[in-house]
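Here is the structure we will look at, set down as structure tokens.
Every chain is named by a letter (A, B and C) in the order it is written, and numbering of its residues begins at 1.
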Amino acid sequence: MGEQYYDTGWISILLVLLFSAFVLFNIRRAIASKGSGKEVYIRRIAGLNAIEEAIGRATEMGRPVLMVPGIGGLNAISMQALNIFGHVTKTAARFATPIRLCCADAAVYTVAQEIISETYQREGLSERFDQDSVRFISDRQFAFATGVSGTIHREKVAAAFFLGEFFAESLIFAETANSVGAIQVAGSTQNTQTPFFIAACDYVLISDEFYAASAYLSRQPVLVGSLVGQDWIKMTVMGMILFGSLASTFEVVSGLKTQERDGTQLVDGERKSISDTWFYHQLKPDAPKPEEIPQREPADGVTEEGGGA
Amino acid sequence: MKQPLWMEKLQQIDRKVLYLMLILATAIPLFIKGLVIPVKIEDSTGALFVKLNSLPEGSVVVIQSDWTVSSRGESAGQLEALLRILRSRKSKFVLFSAADPQAPQVARNVIRRVNKEFPDGGFKPWQDYVDLKYFPQAESFASSMASDLRKAWDRTMIDPADGRSKSVFESPVLKGVRRLEDLQLYTIVTASGTPRIVIQRFGSPSRVPIAALVTGVMGPEHMNYFAAGQLIGMSNGLRGVVELETMMVEGVNHRVDGKASKAEYKRFNGSIPPLEGAQYKRGMQYFASLHTALIMLIILVILGNMGIFTKWFRKGDA
Amino acid sequence: MSHDLLKLIVGGIATIALYSILYRENKFYRFFEHVYIGLAVGFAVVGLWTENLEASWWDTMIGKAATVDGPATPGMWTFGLLLPIGVMGFMVFSKKHGWMARIPIGIILGMWGGQQFNAFATEMLPQVRDSVRVLVPTRTDSIIVPNGFVLTDQRAGAIAQETGMTVEGVRLVAQNVRLNPEREQALMQQTGANLDQITQTANAVRGLIGKEVYLTQAINNILYTLTLLSILCYFLFSFEQKGKFLNGFTRAGRLLLMVGFGAIFGSTVMTRFALLIDRMFFIFIEMLRDGIFRAGGA
């Protein structure tokens, strides 16, 4: 049992603990500073202006705002999308702009309904909330795509927000909304779909910008803290890569010889664990030492680095 | 108002005309037999082919088939090529899906089709492969494979010899297999991001070499894993299928009468002769159509953009 | 008409019907769209049972009586307790009992969350490690990566010194580092070295393969590192990105990101075309040429 943890190695554990600590510490910081006037800083990204502009446009035209939280299930991504939609709804409610929120997942639908009706209540505009504005369309990908496209066509939406997990249906939405002249803001954590949104939408929140927008708008300490924590992680990784690259370049230039020790060795042209990490032996004291493991017959010529270098 | 130039008129072409052109461009090359388009072997596909060709006889390979008919154009070719190479190595395999309940049936159809190519009837269930069907929750399933393979794969299958339903671990395929290390290769034919889940849960470095055969959509995303050595090899979309077929027919770095090989893989020091009886199949047949379609697309994009530019310039003049 | 031909024709008609939307929205399309959605749901339900639940859950739960096929297996009745947890997932459709759906979702999220610690390390750290690249060339005898592996005199000399073999011997071993008993015997005779020395030499040579950096690779590595750092920099949100250098650097990051997206776009277009070609193959070759016409001609 638990064999997947044997070869974790102490560096990995240390880094994961460090990274978790970054996030937890910043969440703590964000909670402590909430309401104190000196809140944890995150910069305003350009995409937020696009969101405001899109709602403004819909209000001017008196046509609905469409929101789609992707086709993923109830997870962090769709929750963050719903956070942003809460903000969109708040502005839309004030100006009595109609909204349409189309869901592909039953659980997301339930949560979306709660969030949207709550938003109207908080603004004291419960009478403006239309039960039918949050809809469950279908949980089949292309059936959902057809349903949303139909809504876009019939209701001639003025602004469309596609935020969340999108797959092959992304271009169908973006093309349809484009054909009715809607201003579109999209953001997907799926790298494969972002190019399509970039080609067809007016503004796109690229990968992490999506989380940043959600944290900026909702100001929830957990989101703000996580975002800042992630920044620290990114900076650590940048430092590691920069230092590592310079160090290994120095190693080559100066002719220094360093020994690599990473608990692996080349067998058959692949990196194989030789299972000699301290952590491994703590979990499995009876495991054979690396020198006791017989070597397999190696293959010739294939590099262990694949397409790298 | 100035008369629109012919280039500007191009922008007003009816969509239906474009669709018709596209249908013709993709359909006509399908009728031309024996078209072979040379292709450069990518490092990722070369590494996959070399790995497959270094499998010892009787080795056990996993095929996690995570695609359904919606990506048949690419994934079917990938799986067919993989099966043909495995057959030539006399390898055995374990089949299952961790992505879609429909996937195992789609894979079975491909196995049946490929089996018809072999005079001896090809892969035989129980003897040459075991079918573990579908496992939901790819994340937890990958974890349980890493932690206890026998528990994770605890399924039964009918032994055709006596018609009895037995544990798959009694089959000739899985007889000596207890843990991931006992498998020679773990391949994933997929239209989604399942290789990532497997990479995340099989330890670093992985306890079994992992290879992915992905669709063109997922290809760029998986290049990172190949570059970092987390995937031992990778085949990307239709092009990957064509590369595999080319290496099967031409061999790798295989020179005949001192002529340069048609399939060079730089990172490989040795050479592999062509596979016995190998022929260009579905991949190469589609490849010609892909070329005509892409050439048409490129021409149309250039013309369309020229139309936009002339419009701009004329506006500037006025 | 054979069963196979019928299947092909129905498939062909359905394909044409679904493509008819390109002409315009019509009833033919609508009908097959609904058939398709219905079939997809039906297949999913049946598939879930036959491909998974029956084997993993039902058969295990009820066990099996002894027959000629084999001995009895005891029923694991505790598996029945899983049913209510699963059914809770369906409570999402009820306004009153909707909260129950959060229990199975919570279990799944908890499991997923716990696995993420290990998953993050195994997925990301090798990539960080791979991102550490040598930024200057180590070899100047060629600008591009040559075919195969070339062992320089200096390196061969170093290995020879380390293993106690002659330089010629090292070169002989390096010709093909794949060792097998016959080759080992032959090498021992040719070089006069012992088995340990030969294995050691082969390992040393193998360690060098892919480690050399040529000029073009060094340029690639520099581009790679700059791209990586500028894009990471673009995604930093906790401070205002002021200053000429930082602004330019992140702007470059954004531009390079667009280049990457362009590549993804191209690759995806290839997939979409491949799917279309496959459908065309199905209609024109599988159905018409090899199906209807062959059957008609025969």
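One rule holds for everything that comes next: contacts are C-beta pairs under 8 Å (C-beta built on N, C-alpha and C of every residue); 3 or more make two chains touch, one makes a residue touch a chain.
Keep in mind that what you see is a predicted model, and the values were worked out from it rather than measured.
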From the Cα centroids, identify the chain that ends up most central relative to all protein Cα atoms.
C
Report which of B-C and A-B is connected by more C-beta pairs in contact.
B-C
Among the chains here, which has the CA centroid at the largest distance from chain B's centroid?
A
Inter-centroid spacing, chain C versus chain A (mean Cα positions, whole Å)
20
Please report how many Å separate the Cα centroid of chain B from that of chain C, as a whole number.
10
Euclidean distance of C-alpha centroids - chain A vs chain B, Å:
28
Of all the residues in chain A, which ones touch at least 2 other chains?
4, 8, 12, 191-192, 299-301, 303-305, 308
Touching two or more other chains, which residues of chain B qualify?
143, 201-205, 217, 220-221, 227-229, 267, 269-270
If you look at chain C, which of its residues touch at least two other chains?
118, 120-122, 125, 129-130, 148-149, 176-178, 209-210, 264, 268
Contact set on chain A toward chain C in their complex
4-5, 8, 11-13, 15-16, 19-20, 40-43, 45, 74-75, 106-107, 110, 138, 140, 142-143, 146, 191-192, 194-196, 198-199, 206-209, 212, 215, 227-228, 231-232, 234-235, 237-238, 240-242, 244-249, 251-253, 262, 266, 269, 295, 297-301, 303-305, 308-309
Please output the residues of chain C touching chain A within their complex, sorted ascending.
33, 37, 40-41, 92-93, 98, 101, 105, 109, 117-118, 120-122, 125, 128-136, 138, 148-149, 176-180, 199, 202-203, 206-207, 209-210, 213, 217, 221, 225, 228-229, 232-233, 235-241, 257-258, 261-262, 264-265, 268
Chain C residues touching chain B in their complex are 22-23, 43-44, 47-48, 50-52, 55-56, 59, 69-70, 108, 111-112, 115, 118-123, 125-127, 129-130, 145, 147-149, 176-178, 209-210, 260, 263-264, 267-271, 273-281, 283-285, 289
Chain B touches which residues of chain A in the complex?
1-4, 6-8, 12, 168, 191-192, 264, 268, 270-273, 299-308
Interface with chain C, chain B side, in the complex: residues 15-16, 19, 22-23, 26-27, 30-31, 70-74, 76, 97, 100-102, 104-105, 133-137, 139-140, 143, 155-156, 163-166, 196, 199-205, 215-217, 219-221, 224-225, 227-230, 236-239, 264, 266-267, 269-270, 282, 285-286, 289-290, 293-294, 297
